[in-house]
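In the part that follows, the structures are each spelled out as structure tokens.
Two complexes follow with subunit A in common, the first pairing it with subunit B and the second with subunit C.
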Partner chain A sequence: MRRRRKILWAVVPLAALHGLVLLAEFFAPYHYATQNRMLPYAPPTPVHFFDQEGRFHRPFVYELVPDETGMGYREDLTRPCSIRFFVKGEPYRLLGLFSTDRHLLGVDEPARLLLLGTDGFGRDQLSRLLHGGRISLFAGFLAAALSLGIGLALGSLAGFYGRWIDAVIMRGAELFMALPWLYLLLGARAFLPLSISPVQTFLLLVSLIGTIGWARPARLIRGVVLSARERDYVLAAKGFGAGDSYLLGRHVLPQTLGVVYTQAALLIPLYILAEVTLSFLGLGVAEPEPSWGNMLGELQKYHVLTSYWWMFSPGLVLVVVFIVYHHLARKL
Partner chain B sequence: MAVAVQVTHGTILRTLVALLFWAVFPLISTLAQSDGAAGEVTLEDPLITNHRVGRKGGRLVTALRAEPSTFNPVVALNIPSQTVIRRMTANLIRINRKTQETEAALAKTWDTSSDGRRFTIYLRRGVRFSDGHQFDADDVVFSFELYLNPEVASPIRDLLVIGDKPVRVKKIDRFTIEFELPEPLAAGERLFDGIAMLPKHILKDSYIRGEIGSAWSLDTAEKEIVGLGPFRMKEYLPGSRCVLERNPHYWKYDQEGNRLPYLDELVFVFVPDQSAHVIRFQAGDTDIIDRVSSENFLILKRQSRRSAYRLRDLGPGTIYSFLFFNLNVTSGKDRQSLRDKQSWFRDLSFRKAVSAAIDRQGVVKLAYRGLASPLASHVTPGVARWVNSELSVQPRSIAVARDLLRQAGFRWNRAQKLVDKNGAVVEFSIITSSSNSQRLQMATIIQADLKELGMTVHVVPIEHRALIERITREYDFEASIMAFGGGDTDPNAQQTMLLSSGYLHFWHLGQTQPSTVWEAEIDRLMKEQVRTIDPVRRKQLFDSVQELMAENLPLILLVSPHILVGARGEIDNFNPAVLEHPTLWNVEELFWSQQRSE
Partner chain C sequence: MSSHAACGAREGEPEALLQVRDLAVHYVGAGGEEAAVLEEASFDLAVGETLGVLGESGGGKSTLALAVLGLLPPNGRVTAGRVSFHGRDLLRLSRRDLDQVRGDEASMIFQEPGVSLNPCMRAGDQVADVARVHRRWPAKRCREEARAMLELVGFDDSDGVFGAYPHQLSGGQKQRVVIAQALVCRPALLIADEPTASLDATTQAEIVALLRDLRQRLGLAMLFVSHDVALLHSLVDRMIVMYAGQIVESGSRDQVVLKPSHPYTRELLRCVPGGAEKGVGPGRPRLPTILGSPPDPARWPPGCRFEPRCPDRLESCGARRPEPRPAGDAGTVRCLLYDD
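Take a look at the complex of A and B:
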């Protein structure tokens, strides 16, 4: 019971985060590609509760305007703009199903609600973070599912039937583990046509990362299957004339579930990192589509690295996601 | 008033010193001559510069983006090699980087024949190479023989071959040479700026052996690299630095009779990373910095108040960036989709609409943080002498762009996407070099701008060499963003881009006949201006070329980045210019105004 509660401590925040990025259009105040050309690298907008005279108000912000140096920004204190809920904004289709233009948060004109500042094009960093999370988190999730699927199928085949099937699959697994996968991915990207749609890029990333990583779970699952098929009750069932598919489905595969769950909790963050690495190197989804990797890629520039701390936000979220996933893996 | 008196005082003093110098100089010359070998001539007419008189001593450190690949001026191509070589060599006539006009160098004077085909050059007498050997007409003839020999395959040969015929070089006497061009060439003397004079006594053997291409490589002993520049090679440490020392035989003097250069040493350190350049300059490891990106310039500027360096924004240089469409003729089945799209690209209204939709001010603001100028002509405002000032920057107007598209038969479908006459959705990709973040930013801005016209644009960053391959050989691209510039400001330097047969005519390469009326007209105008000696008439012709380029938009011009440089506050005579090399072009005149505490 206690173990289950500890697992919940990890699962609930993860589920919340996935929900947040799935409904990014609603939670994000703006579209991820909307450029505010007068506000490049604007810092996070401070939210105020008290006006100049010290009177309490509902939360509000001031409009940001370029300061005297032309390099920074200051707040235009003459016009407070209230933050509002469920405001009308850019239209979108929620989950691809409903058309709506309501956003959770918004602010009166002419101010912009930039809770995490903007990037070099004046695009809202929070909106990009939420949309980018969709790519990064789900790439990890789907790639891990793919890896585990292949691993489970091949690993149980190898463990259950042994002999030449085992030999072929396991040598194959070793070959895959020895591959310098980063270079392989770099090479694979070079063969593709110049412009492919973001969805295609995403699926391609997922299938590449997922296919390359099947070997490790396959070896683990093979080990479990190998020991499971020699258990007394399995041998007994076999003695009563049970077929292979019955044995696998009823007795052997359930034994592997623990390994599969733990592997999933370990592989998902690993694959999120793989996607981030590829996008960081410019091999992931292309502009203006955000992902945590290409957002962090901005930090390759010295001036961004030294001057604009809010550009680190995807990295910060990544660290949190990693800690939660590893916590989950430990408790499983 | 006090200031005025002081100035007069200084001038008198300087004149006195100069007089003294001229009185004493022949004496020194005679003394020197007595121990020289027979046939040697002492430096009779050095070049007297007119900058502020400085003081000798000190070393200047600057960083290079990459290591030089060679020290051989015959084969050197890349900027790091050129930067080092140019400090060690000299040419007959040079282009003053500040005035952008020609001025005497190793040539004391020169005559141009009335048809502009023949140049007679009179050399300074008694000039010596950095090893003390005498320089005369034989070295000039030898140098040109090297550059012109097709077997040597020097990149400079292209400059000296005019209309498929090479320049003819003839020695008249020991200090006089005659050059004959196969065709009249306006501003022909500008050719000489890029051509370093070489020592025959050092390079003759390797030339005869046919090994001139590999001479003066990075392994060559420092002593063997001999030139006529202000500095000579002292030490080269691969992967680390290259140290040049003062050339004791340099042929320039200041007004008080001090032999230039002032600096004892010039050190190039190799720092591959742009950010590391800035950090090292901030830390005081380097004394001069050039090619600073706008972001880094702002970082330096923010800290300059408490640091001992000054920064200069020199305004737009000669570089112009542009968007262009693939107008090449392609064949093969796999290019069918490109050919379909080319029907839009060839439509002038389409190109005009794209140009009208682009927010150039936004590009300046976002990609260059305000440190760039929007362009009206492919000749930038940095080239004041040649720019057609009648042309104005295209103002941004989505309404104008939409009108143009509508008139050309484009429509918008229900999803507000632009479709052509045949109902095909307008969608194309822009390729840019993945190593250039500004161009990537420009592409992303244009992508957002064109989205307002209902166009779907993909931005595809690819590796630089692959990009060049696609554009120049395979013609496998739809649109691209690139930048040209950095060479001479004279219109002649632009022939390779403007002529329909030119190898930088990137939008449509490999034309044997001009494919459009306006390209034929540009060809005619460019060929006429080459033969026109009268500068006023030449300007008119080149203005028309710029107008034709602006009307027909083969290049949709974007912006010209400003040339941004910086130097320690104590460096005097710092006189940066927009032409290459922006900070070191007058290195012989630079000096430390006070001894640095080291």
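Take a look at the complex of A and C:
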């Protein structure tokens, strides 16, 4: 029970985060590509509760306008603009199913609600962070599922049948483990056409990352299968006429579940990072589609790196995601 | 029961359910060296008959039992012989065909019931699965069949046992579940490899009584492997005695136990604790033992394998291999003392 509680401490935040990015259109105040050309690199909009006279007011913001120097922004204190819930905004299809135009948060005209500031095109960083998370988080998730699927199939074949099948699969696994995966990914990505649709890019990334990473789970699963098939109840089941598919499905593979879960909790953050790395280097998801990787790519510009701290937000979220996943892996 | 029983290699008994002829098994060691752990094993088992296999550890009893159903470990290999069961040679069946025989027509149960059951599956499901694999009945029918079988092996609370995990059951209960697994498809033959060795004495008696009862009710033939002379004598019709990979003696249970022919059998029986009349405590006489230890399977003695430990050995025993001879009432003995 205690153990289950501890796992919940990891599962609940992860589930919340995934829910947040899945419903990004609703939670994000704006579309990820909506530009505010007058507000490049605007800092996060301060939220106020008291107006100029010191009276309490429902949460509101002021419109940001260029300041006297023309280098920064100041608040136009003449008009408080209230923050409102479930406001009408840009229309979208929730989960690709329901057409609606409601957003969780919005603000009265003419102000913009920029809780995490904007990037160089004046696009709302929070909206991009939520949309980008969808790509980054699910890339890790799907790639890990692919790796584990291949690893489970090949690892259990190798462990269960042994002999030459084992030898061939395991030498293959060692080959894949010896490959420098980042360079392999770069090479493979560079070899393939650059101008493909965002969905294709996403699927390509996922299948590349997932396929290259099968070796480690396969080795671990092989080890578990190797010990599981030697159990006496496997021999006993054989004595009752159980075929290989029964033995694998009923007695051997259930034993590997622990390893599979732990591996999943370790591989997902690893693969999220792989996607981020590729997108950071410009080989992953392309503009204007956001991903945490290409959002961090902005930091390759020196003035962004030194001046606009809110541009680091995807990195901060990544760190949190990694910590939670590792916590989960430890508690599994 | 044993009036028709043909011990040893007697050909052409029409009612024989299981005929084993000249079965030989080699094990390959880690270094690649081969050891002949079973040689020239021949016996018949009639429908509904119980045959006991008696012998010390390492004598080849378990190997014999495993080899009959093709369950030898990967380093074990049948090098010669024939195992005909229902007129089919089990040694030449494909894995698929063998899977259909095992659990359906012939089942095997093992020494340690605790490890014969998957700890992560409910006991009832493990029984139902055997029926599911063989009969392909719908799940509900399999569960009903399993529940009925659990009742047959003596569980009053078959629902409770059905849903229990193995760790919630006692050793005797687990062995009953294993027996239910073995018999749920009503096989004609049950091979039991020391099924009571890991149980305490009272549980052991219960399991033996259960097997005796089931044998009667289901018309079951049994091959019962044990090192316990008293247990075998109380359960079986005929017995074979194994030493160093050979069958050294066979015959009806009374003949083997009461009038043993082979010196090894005699020595073995001499070592059985006598019970109350010999007393308990410090004053009790030391239990006799057979001097020496069984030979190494990789280096069998050239002549009779019991010769180095035999109290009755002859000059020729060290050099000449004894062959099985007819002895007593439809029995055999492998000893030069009985050579003409």
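Note that in this section the second predicted complex is superposed on the first by the 331 of 332 C-alpha atoms of A that agree within 3 Å, B and C clash if a C-alpha of one lies under 4 Å from a C-alpha of the other, contacts with A are read in each partner's own complex, and residues count from 1 in each chain.
The rule is short, and it goes like this: a contact is a pair of C-beta atoms (placed from the backbone, for glycine too) under 8 Å apart; a residue touches a chain by one contact, two chains touch by 3 or more.
Everything quoted here is computed from the prediction, not taken from an experiment.
The superposed arrangement places subunit B and subunit C next to each other on subunit A without a clash. Of the two partner chains, neither subunit B nor subunit C is touched by A:Q52. Of the two partner chains placed by the overlay, only subunit C lies in contact with A:A236; subunit B stays clear of it. Contact with neither subunit B nor subunit C is seen for A:S245 once the two complexes are overlaid on the shared chain.
Once the two complexes are laid over each other on the shared chain, residue contacts for A:P254 go to subunit C alone; subunit B is not touched.
When the two structures are aligned on their common chain, the gap between the nearest CA atoms of subunit B and subunit C comes to 53 Å. No residue of subunit A is contacted both by subunit B in one complex and by subunit C in the other.
Looking at the complex, you find that subunit C touches subunit A at residues 69, 71, 74, 95-96, 98-104, 107-110, 112, 115-118, 120-121, 129-130, 133-134, 178, 181-182. On subunit A, the positions that touch subunit C within their shared complex are 162, 231-233, 235-243, 246, 250-251, 254-255. The residues of subunit A lying in touch with subunit B in their complex are 33, 35, 37-38, 40, 70-71, 120-122, 194-195, 282, 286-288, 301-304, 306-307. If you check the complex, the residues on subunit B that touch subunit A are 274-275, 278-279, 295-296, 298-299, 301-302, 359, 362, 365-366, 369-370, 429, 431, 434, 437, 440-441, 443-445, 447-448, 458-462, 477.
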